[in-house]
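One chain, chain A, links the two complexes that follow: it is found with chain B in the first and with chain C in the second.
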Partner chain A sequence: MTAVLETKGLGRRYGATWGLRDCSLIVAEGSITGLVGPNGAGKSTLLRLAAGLSRPSEGTVSAFGQPIDPNGTEHLGRIGYLDQHRPIYGSFRVRDMLTLGRKLNPEWDDSLPPQLLAEVGIPLNVRVHTLSIGQQAQVSLAVCLAKRPDLLLLDEPAESLDPLARQQLFEALLGTVAERGTTVFLSSHIVSELEPVCDNLIILAGSSVRLSQSTEDIVATHKLIIVGPGIPSIPGVEVISTKSSGRQTHLLVRGVLPDLGPDCQVLQPDLEEVVLGYLTQVGQESARSVSSLAHETEIGARS
Partner chain B sequence: MRFRLDRRSGLPPYRQLVGQVRHALRLGVLCPGDQLPTVREVVRQITINPNTVHRAYRELEQQGLIEGRPGSGTFVKRSLSAVPEEQPMLRRRLGEWIDAARQVGLGDEAIEALVADALHTSEEEEP
Partner chain C sequence: MIWLAWRRQRFLLFSAVGASIVLVVWMMLVAHWYQDASQALAHGGCLVGSVRCQNLYDAGTSASTQATVIAGVLFAAPCLVGIVLGAPLVAAEIERRTNRLVWTQSISRIRWLIVKWALVAVAVVALVSVFQLVAQWWTGQVAFRGLENSQTPTSGTIRIQRSIFGITGVVPVAYSLFALVLGTALGAVLRRTTWAVLATVAGYAAAAWLMLTWVRQHLAATVFFPYPTSQNAQALSTPGPVGWPLGFGYRVIAGKEQLLGGSSPDAIVRHCQTSGSDLYQCTTAHGLQLGEFYQPGSHYWTLQWTEAGIYVAAAIALLGVTIWAVRRWRA
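Here is the complex of A and B:
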């Protein structure tokens, strides 16, 4: 497996707070890798660092085996980056937007955008601001794909689109990368949508990587256990999250389960349940640290 | 051949594709010489990762069921319906059996359970 994108201990600080911390990950060549996490988890920060639009506060980020230099130009031709705000000019006609792309990119594929846009019925002679959000997303993706990048970074490409527009966007994306073998790294918080699309999934929460695994293995290595009240200790597995409702406890665990006997019900969680489990884990940890803090304060007051 | 993805099944997408091709081969929907849709066509049909389609086709190729011909596409090599000419007859007899089961008051669930049980038993009896 060749890494197209690799980060080691990558971190980015904004003033006193860390937008991303201790992030080490690999995006394999030719893969489609999804980046999921709640708002503020550092997804956009990570993608901007990968695109060379932001400078790391610590650690390294490299693409195609070379460190990314935010002042350099070598990586620009090979990396395509689509910002979540879809930076296309509203007053431009679609055709002019494509002309701009052609003038700015040496490897421009002139035939691709008209073909992609015709498939979803977007005329070239209208102004961008008159298009729907879904159509604007199609135009910005077409520009990004026509530059023929080897690595495509997409920040929430389907954000705020209706289901049909989302599907059309993914069709255009996957149809094009199917022919070229482009490596794609895309962020989203709609997990169900990523499952058939991504080879690998990276869960980012609380500014760091919680899990990085193939989509298939994520589902295969996690189990949902329903038991009576109280949390049993199960040898050989890692408990990811727990949810109690008085009489029942739901445990999301990772690893190979021993025989638990008839008192436990073992279920196969879907991808979304696993991801939510990891995000809950972060919530529980911060809740724990708050309660231990409260405990310490209490002790301090007594003494 | 049209594929379909069941996102709630818990089965990895590539296995679903393999299963659907095998199913079509068994029912005679796909016959030797038939062309399978191209990877790009499947991707656009069901919005799936192209690598997943490649993987499914690779697996079917390893099973000796399909073959890729460079430049022209992927074709069915071998069928899975063992006795295609007897299939309509078997289907008709199954229909009669289901009618009989309904007449004695069995619901769909009971019928399915009965079929599953019978299949299971005959599997165990096989050497």
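Here is the complex of A and C:
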């Protein structure tokens, strides 16, 4: 497994608070890796660092084995980046957006965007601000894809899109990257959105990495145990989160379960339940996610 | 990148050209009205006290008032360049986050900045250069407040005066370039167009005020115009200083230093002013020559090029600040 993107102890501070801290992860070549976490977990910060838009306060971020220098040009041609706000020049016609891409990228694929946009019925001669949010997202994605990047960073690409637009967007994305073997690293705070798309999942919460595994393994290695009141000690497994509801306790555990006897009910959690378990774990550790949520709002208002 | 810079800026640049054309037409009309009225009045085209005379006089006054307004617009034009073209150049992209779009294409953000800025800078320099020629012609056609009608505006003695100096010659180009970079730099540092606009106005006004009140008069050696010491007819008929008057002053008469008697010239002037005796006689008796300092018309180009040089140097420094701010900015 070759790492296309690798971070080590990566941290980014905004004033006195940390947007991301001690983040070490690997995105494998050719994979479609999902980055999931609550609002304010540092997903956007991480992706901006990876795109060379931001600069680490500590640790390193490297792509294709080279550290990313925000003022360097080496990584620019190889990384495609779609910001969560999907910035676009509203006064431009769709055609102008494509000209922009062609003029600024030597590896530009001129035939791809018209084809992608025709499939979803977006004409080239209309002004971008007259398009719907979903159509604008398609234009932004088309520009990203036609750049022919080796690594595609997508920050909440489907946010605020309706289900149909979301489906169309992912279809356009998957169709193109599968052909080229492009590595995709995309974020979302909705697990169900990532599940059908991703091979790997990285859970980011409380501004650091909680889990990084293939989606199949995640489901296979976790179990949900329902027991009576009180938290039992189970040898050989790691308890991820506990939830007590009066007479019952729900435990999300990781590892190979020993035989627990008839008092315990063992269930197979789905991906969403596992992710929620990890996010709850953060909540139990401290009220950090709340403070980081407030912090993100503040950052959002500032940036 | 040139394509993108042009595509992004073309509306503003066309608007700037359009506004310039409107202003030029207005200037030509005002010059025409003023010339008409003043020539008719000068050639006795009306009977003194008649309605026609009054009308001509009113027309001349109206044209003169409009000319004053135009001179004000010309004076403020470089600052407008800074506000309209400079301040949003980087700040608007950061505000709308489109910098994140452009900075993740295959060109470096510094190249993006330089090309974008250079396109606007070239357009501004070209436009202002042409405009300055129009202004040069125009200031010879009309009289506006702050000028004395008896002097021919183009003679060089009057265009060195403050009301004309800043709107003709090479300084308008330098002002515009400076204002453009000031706006761009403040936009890149403050990342907000509105703040950048306000700061540009404040910064430009401060620089202009500083230059006008403190710096410009020292850019070339000042000339001393001695007041006549004797009250004879020949002395009184000597013409006064022509050019930019800088105010009352004095000089120690060469070879008469011993008359000061160890007092400072300032103390002597104060003493003479309060002693009740004749000021001229008193100061002359103490070895001082009264007069005034001024910048003669012949210093026009020295002042122009030096002042333009200072503004261009400041613009280059501010461009450095802009590059620094864009390089370190974390989107």
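The criterion applied here is as follows: the second predicted complex is superposed on the first by the 286 of 303 C-alpha atoms of A that agree within 3 Å, B and C clash if a C-alpha of one lies under 4 Å from a C-alpha of the other, contacts with A are read in each partner's own complex, and residues count from 1 in each chain.
Everything below uses one rule, namely that a contact is a pair of C-beta atoms (placed from the backbone, for glycine too) under 8 Å apart; a residue touches a chain by one contact, two chains touch by 3 or more.
Treat the numbers as computed from the prediction; the structure is a model and nothing was measured.
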Q. With both structures lined up on chain A, is it a clash or a fit for chain B and chain C?
A. fit
Q) So, A:111: does it touch chain B (first), chain C (second), both, or neither? A) neither
Q. In the superposed arrangement, does A:53 touch chain B (first), chain C (second), both or neither?
A. second
Q | Comparison of chain B and chain C by chain A residues contacted | A | C
Q: Have a look at where A:72 lands relative to chain B and chain C in the superposition and call it first, second, both or neither.
A: second
Q.
Just to be sure I read the superposition right, which of the two partners does A:83 touch: chain B = first, chain C = second, or both, or neither?
A. second
Q: Give one of first, second, both or neither to describe whether A:175 is in contact with chain B, with chain C, with both, or with none.
A: first
Q. Now for A:199: first (chain B), second (chain C), both, or neither, which partner does it touch?
A. first
Q: Report, in whole Å, the shortest distance between any C-alpha atom of chain B and any C-alpha atom of chain C after the two complexes are superposed.
A: 25
(Q) Show me the chain A residues, by the header's touch rule, that chain B contacts in one structure and chain C contacts in the other. (A) none
**Q.** Residues of chain C defined as touching chain A within the complex
**A.** 1, 3-4, 7-8, 11, 96-110, 327-328, 330-331
Q. If you look only at chain B, which of its residues touch chain A in the complex?
A. 5, 7-8, 10, 12-14, 39-40, 43-44, 46-53
Q) For the complex, which residues does chain A have touching chain B? A) 30-32, 167, 170-171, 174-175, 177-179, 192, 195-199, 215-216, 219-220, 268, 270
Q.
Applying the document's contact rule, which stretches of chain A touch chain C when the two form their complex?
A. 48, 51-55, 70-73, 76-77, 79-81, 83, 85, 87-89, 91-92, 96, 99-101, 103-107, 140, 147, 303
